[in-house]
């Protein structure tokens, strides 16, 4: 079981780079007496952008007061920002098809306290995951989905997601394409795992393509979903060494571990408010 | 300094898979009293192919007799094969342009005894590598090469390579494209290093492309050169983790180590007769 | 779901190295018409030992006849050997304490068909794992164990293990020491996971020790259990990069993934008869 | 060739953690109009320590004025600090014995512009490295050193190092032990490479020890030298996978690449003022 964490707030900032940003933000937090536990910033010199993440304890801290002062600062520096407290657990839905290893992995991690969120809903176009969902006490709904009924299926999915009030959707090997319309409802709110080292082997059957090309390492990639296929901002990637001894089914088997790892890391970092996305890239504050 | 090695022979075999191959080859070696120090075989079930590598000591071994018996076996089983003794050191030429890190790395490894070969010739389209070649006592020739004079330049290169009697050509960041005509003179005899995790980022400026795509790992690939651009059989790949903190020049710097490693490994394995290439793939006997 | 596998036999051999071993074994298999799907051998020149693993299809194969002929060969060459058919699924028990991540990981892999075995029994000195065992339909027994009642507790455990007829015991973060007496009942039949890169940080609280020493990589190790603490033959190790930003609890969290991976790989390789252990080392046929 | 870098200053700070540190330092830099290109900070909550690294452009910056103001701040917050400008290239000496791969690697990197320093002196207890030093135009001095003449030899070494005015000493596989007296002259100014994954296999012949223990990964470690053997703050570690096929000499050969990598990274980070050392650990600002 995870030890209960202290209440803390996380501030995530993106804005045009300019002098005095760190001084201003840290100065204001100091004025409010913030007990900072982590702070990190990043500059993208090429794009002229500045990124910052600060986390501080909420005990004896006037959050409402700070927020109202900070809103003025944010406007002055043209910031995109979010301010979250860790006591409000994000709500997450998982979409899955017939490969259950990522779903099973996420649920065991959630059960063991590795993922700080609530998971009220699992959606699938098959019923394979039902007993797993039931064991974990999570609502499991089957919505048949295919190229033929895409619009209709997505309408049903969106309704259930809205009712479940989720802010993050995890595609745990969900094998249907999402339309731009669906994606537009959750900007930077849908995380997918692709079973290759993107941008190599975009699209279907990447392990077969990797085997055919004779690569010496296979990979997996977690990324935010955008309108383009397998084209969103990459969150995490990992690889495993293979050899000529490995057949396609060995690549599939080894790849499952990569998929589990890169997807669960991406979800955890998202939940911990460690990711800022911009220009089809991500900053991961560690 | 490397310890002097015992004389040994290496037999590399590729043929259609069929029953009795290992029994026949190992039986014949046993009949000749071979003292085997390494033996490995591989089957590609999909393609129905069999591969074998055997290495044995030459002391008290009738190599000529074995060769003549083996020729019959090879014919019977439709084998492609080579039989080499390690006392005949392969002769190698290196082609390089202005990035000298792979050349410098190969030469220091050669000097320290990590690469069992002779290097009689370095060819370049620039003169940057000259002092390095001179220090190592290797003939260094500049042949200007560009899209404009390709045929003529390659003619000169081929002449020098033929005179130097090399069996392996290493492209140590040689930035000119080789024509299919050139490549045809050295089938599976040209090793290139590409500064990406192929097949991602084929072609020019792969680190810039990787940076633009926002990948979380960069890679390098060594491969045999074929007529297609960056499309030959992959010998080795490796990757390094990068983060949002890394700019393009950081990718270039980190990539240099990957290039050094994957190229030097490929050359060493080739020299040790550990590689069999087929269907645009490689078997690496380790 | 795993595709049903063809029936196959695996022969594992260890013996003093001598000429003609491969020729004799492969010759005999050829004489029986074996359709070999994998074969690999290894020589430890320093110890003068030979190791071999062969796997072949059982269809149209006279296994009893081969076994009786092979027994003579084995005697002649002084072989230690085992011959197993993959249709007899090994029976496995898992021992666990309060950290459930390795147990949960093994059970989901078993459910998804990654581990070819039956798991009739889970033993624990705590009841935390009960609901997980129940969901997977596995008998779960609590036997209180501590330094005080070790002999008595082990007696009960051994009785249950004997009744369950298991050949492999997996210590999935089981936090009690096993006595030499217990271990002697299952030579090379108990696999443990230690949460460090052995032989660094033997014993209790290795993540704290790693943090104190300021290492830049943490590791995990799976190994066969012998009489000495954390001293048995190593099966698999893996590491993860950490930085100064990681506190002890971050090491523990990252380490959980390493423990899951190295333990599940060790169990899979053992079940697939890929491991030969000798002189406190392992040969892993891949 | 490296592109010429802009002049910049780096400030490295260690002090007891307290509120307002980032606000004060970044506020003062803002007041002086600093154009910050990198800034990072770290808190060790357990030890109650704060670390910061800031790098900014020197153009139009009153460095002397800032330094005098900052001295007051540093005194107030009880800071240990250094302020360096990158136009003053550090002077480095290398000590080496008979294994030359790390020396050769460092020199080629230096030649290619990867290490921003001057190397006026190489010291050795053997003359193997002489031609390499000569090619690179570096003074090479042989001082015989053994347990018998340690004090005398170190006296000569210290004299030469003092004359060469070096601030960093790199032990590139220098196989003699340095006395505490010698080490005391260069606190956090001597970097060593140890050919194991410390703290495993401290002392002599670590590859033999690793082989004997049957590990599945070998490692190398770069660290600052302190009075205790192989016990100083670890800067970098890396590992490579090995298998039962690798004999001791294979471990030695693969280990050379690990040694090259971890030593060259440590030297580069030290030269770039990215390392702060405390409590036998290091913070590596990346």
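Note that the chains are named A, B, C and D in the order they appear, and that numbering of residues resets to 1 at the start of each chain.
To be clear about the criterion, a contact is a pair of C-beta atoms (placed from the backbone, for glycine too) under 8 Å apart; a residue touches a chain by one contact, two chains touch by 3 or more.
Since this is a predicted model, take the numbers as computed values, not measurements.
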Over half shared or under half: which fits the residue numbers at the contact of copies chain B and chain C, same or different? same
A-B or A-D: which has the larger count of contacting C-beta pairs? A-B
Quick one: which chain's Cα centre is the longest way from chain C's? D
Cα centroid separation between chain A and chain D, in whole Å? 37
Return the distance between the CA-based centres of chain A and chain B, expressed in whole Å. 41
Considering chain B alone, which of its residues make contact with at least two other chains? 45, 243, 245, 286
Report the residues of chain A in contact with chain D in the complex, numbered from low to high. 19-20, 22-23, 26-27, 29-30, 33-41, 43, 45, 241
Of all residues in chain B, those that touch chain D in their complex: 3, 100-101, 104-105, 108, 111-112, 114, 135, 243, 245, 249, 253, 256-257, 261, 286
Chain C-touching residues of chain D, taken from the complex the two chains share: 42, 44-46, 197-201, 213-217, 219, 233-239, 243-245, 247, 279-284, 286
